[in-house]
Structure formats: C-alpha cells, structure tokens
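To keep things simple, chains are lettered A, B, C and D as they appear, and every chain counts its residues starting from 1.
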C-alpha cells in the first residue's frame, strides 16, 4: 500500500430503512468524504445508499462490495462496485476493507457485520444499533459517530 | 436430496474452552448421533471437538467445515472434512448445512454464527450463549438443547 | 482427522450432459464406492449426478458441495449436502476436499476446477477433458480413471 | 451504479515474474489509466504490481482484491485494497469486477482466472498466455492488448 493511503470507513445497516435513517447515514458519508476518507459499504439500498449518497454529495469516493455477482445491482452512488457473488459472506470483506466501522440499526445481517468487526479487532461505532458489549462506542448522533470513526481509524492505521 | 435424508445439527462455540464445556458439547453430539442425526461443526478444537467426540462415541457421523484449506487441520473426530480456505466465512456454510444450530459460549466468531443462523431462519438453541432476542431458544442443559434441536430440525425439514 | 479416514475422490464435469457421459461418470462413482472411497462432487446435475448415482448404487457415500445456499438443490443421490451460497467459488472447495480429482468434459466451470486441482497439487485424471499439460493423467476409459484416482489418492494421503 | 461509471480492466498473471513481463504489464496499466479506465488486479506482486505501477505512473486509479485478509499485503501501487481473506477464490471477484480481462503468462492460478473470465462471459485478451480457444483474443503486444481490452469493455458495458 502507498504510505499515504486514505482512511476507509465502512457504514453498515439495514438494506431497507426509513428516510430519517438514510439521512443519518448520509451525515456519516458526508463527513468521511469531507475529511478525505473513502466510504465503504455493501453497495445496496437503505443505510448503504444513504451513506454513499452523503459521500458523493461531498465529492467523495465510494466503494460497494456487493452480495451479488452483477455490478448493475449497486446503488447509483457507488463509484467502484466489487460484485462478489458470495452473498452475505461479503459482509466479512466490507469489514476487512475498513479502518473503522459505523453500524446503524439493522437486523441479523448487520449483527453479523458487527460481530465480524469485533472479531477482526476493528474500531466499531454503533448509532443506536445492537448493544453487544463495552468494546463498541455507542453514540446517538451520526456526526459524532463519523468523527469517532475517523479518529479511531487514524489511530489504528 | 434423498427423501429420507438425515437431520443435520450444527454445534458452534469457542475453539478453546474448559473441559467442562467440551463435555457439555459432547452431550449434544452423543444425543444427535443416538437419534440418527449428523453432527456438523467447524472441525477445529474446543466446543467443536467436544461435540464431534460425543457423536463418534455414540457411533455417529461428523462433518467438519474447516476455515483452512488443509484437511489435516481437522480434529480427530471428524469423518468428513471440508477444507474451505475461506477463513471465518466458513461459519456461514456451517449454518447453512444445518437443520438446527446449538450455540455454546464463544466470542465474536460464535456471535457471527448465531447472527447467520438467525439471518438464515434456522432454529437456534443457545446454551448459556449470547442473548440476542426472543427467536433463540435459551437453555442451561445440553441434553435439553440437543432434544430441542432435533425436534425443531425435524419440524423444519 | 482420524488416522483411518476414507479416501475422497471428486468427480467434476458439465452440469448438463448426455446419458452416455452420465453413465461413464457413474462407473467412476461405483468403483470409488466399492473400494471404500467417498464420492465428492458439486451436488448438481449431469456428470455430478451420474457420479453420485454410481456411488449410491454400490452402497457408497456421497458429499455434494452446492453453489447455492439451499440443500434442496442437491441431486437425489447426495447424502451430505453442503449448501455454500458461494456460487462457482464452491469449485475450489470441491477440489480441496478431494484426495484426487477425475474430470469429465465440461465447459469453463470444469476448466476452473481443473485449474484449481493443478494449483492445489491434487492428482488430476482427465477423461477426454481439457488437455492442459503433462501433470494430468489422460485416459479414455472411466474405470481406468477411477483406478488411477484411487491409487494416486492413496499415495498422496 | 452511476451512468457514467468508469471502465474497469483487470490484469491477471504470475505473482512472480521477470522484469520484462512486469514492464509489459505496466504498459497495459498505463494505457488504461490514460484512457480514464480503472486498473483492477489481485493486488500482489509480479504482473499485478507491474500493471498497478503503470496505472499510477499515468495518474490512474488502482484496485487490488487481495487473497489475504490484511491490506498491508497490497503492493505499493494499490489505491484501494480489498482484503478478502478468501485465498484463491478472490480470483473470481477480480474477474467479476472487470469489464474486460488481460491475461499475461502465469501458472494455474492465472489459468483459473482465465477460466472464470470465460465462464462469466467477460472479454478476455491473452498476451502469450494459455491458449484455450477461439473466444480469447490472442496478442503479442501489451499496448495492443490494452487497446482491445478498453474497446471490448466499452462495448459490453
């Protein structure tokens, strides 16, 4: 890797969610982009789409690691789609690609991503998501989540 | 699949654990084998080894889906080793192969397997494992866990 | 693994093929089962189904490592279905599980399995399949292929 | 995906090779970058490193889809590393991510990538690589390979 590589922040959460939650995810994407980070996600709808939209609105770069094998399935805010064809197992790659992970509410797919983030020792910031233990930074505000994610990513790089 | 295929029960949990926990896992393996079920696990040590040992002591059959690409890494009680080389992503396959999943205490790898079991809609019985919600059957006794697993597996087959 | 574990022979080839080719694959499955080996395949139709049928007709045991995540997709001769959900990537696992691989004619999926067998250093016997180099044992007769596969598997175990 | 997404060209080949071959791979990377394409590869050494270097020297963007789970394993010319932890199975993702694939000489790992490219119906240009059939565009000159790859990628997009 180049020495000056950019920080990569993953945003995970439900593939279908309210507009309010999508907008909260967009706040994270926007801040990451403004600070020069790369937004990584699962490339589909809901939280993933919100986060990617926020990053693109701030002129940032987005990577979507898709469950399907077809890049046409990526949402419209994804610059670089990685169509894995590996289904839910792609969650592991989303987490491994990230320097820090921000989790929004989601069901068991999100829970598995949080579990893998903890397993991989990645900083994990939860915005009203699953409460799994003290290793997770719990916050209510998405901007606060984004700031903590960038800080912790920089520390661990 | 043949119409009379055998029920497959996965046992998941820590790769390193106390003798007491290994023996509890062996109780599940033994019951599954006695009832004609197949014991599926991740093929490594700890809970996985205990469960496989219990199944073999009762004359049963065991399948180990390994994280590594080398079948020599399987514990000595595994009849059929599937060396995936896919690391933790093999957890997903353990769960998909099973008709029901019994979870023992474990860290975040186990949590991810429980998350995938719930995601895949598989019956999940937890023996003092992560408490994640009402869809999980919580028990203290491994024999009770094994009985519930075989019952729920038969129902869902 | 137990010291006396059984040899595992993978049969790979087209998912759709003529009755003649299915019957040739069945000859391999039958011989493997008669000699106490386990038949491993991708669990679907064509060559895979022929090989599994041959093994079952001789009272043997069959393992099918499926591309889909649903074990109901396995052919009717599969005893133990491993529903991976990893699509074509499951070919790698078929090869890794085997002690030797017998390849029948097939298109590029089969070619990838042959490539992975060579990459993994597994003995590879081709029955009128892709001619890729001197490391492959080329034969015309399926019984000859089965014999060579069991011999080479025993040597490499 | 955005309507104006950039073309992605994968370069595959040996992880260790002569300087001459690395320089040939760099010619492909350079042309792809000059034409506004994205260079995709397996992120490691040899051909992959040569191709990524060429792209970076022309101010382009590079994506490396790694076999390991650690992004520190990427070569120094990779902008965006995807550490899969899936070993050789990541070859499938390299191919799926690409709009066209350029293959240089390599052993069986490269053969498997070519097989997957053909299986996935991706345009495949071989520079003195495995000769597998008429669907492959065979060339001797890397610049010619790069031009054909960009053309065929644009057609298939």
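Quick note on the criterion: contacts are C-beta pairs under 8 Å (C-beta built on N, C-alpha and C of every residue); 3 or more make two chains touch, one makes a residue touch a chain.
Computed from a predicted model, the values in this text were never measured in an experiment.
Common neighbours of chain A and chain D, by the contact definition above: B, C. Residues touching across the chain A and chain B pair largely coincide in numbering: over half of the numbers involved belong to both copies.
Superposing the C-alpha atoms of chain B onto those of chain C requires a rotation of 180 degrees, given to the nearest 5.
Centre-to-centre separation of chain B and chain C, using mean CA positions: 27 Å.
Per-chain CA centroids place chain C at a distance of 31 Å from chain D. Centre-to-centre separation of chain A and chain C, using mean CA positions: 40 Å.
The residues of chain A that reach two or more other chains are 69, 85-89, 92, listed in rising order. Of all residues in chain A, those touching chain C in their complex are 69, 85-89. Listing the residues of chain D that touch chain A in their complex gives 1-2, 5-6, 8, 38, 63, 65, 69, 71-72, 74-86, 92-93, 96-97, 120. Across the interface of their complex, chain A is touched by residues 86-89, 92, 107-109, 111-112, 115-116, 118-119, 130, 132 of chain B.
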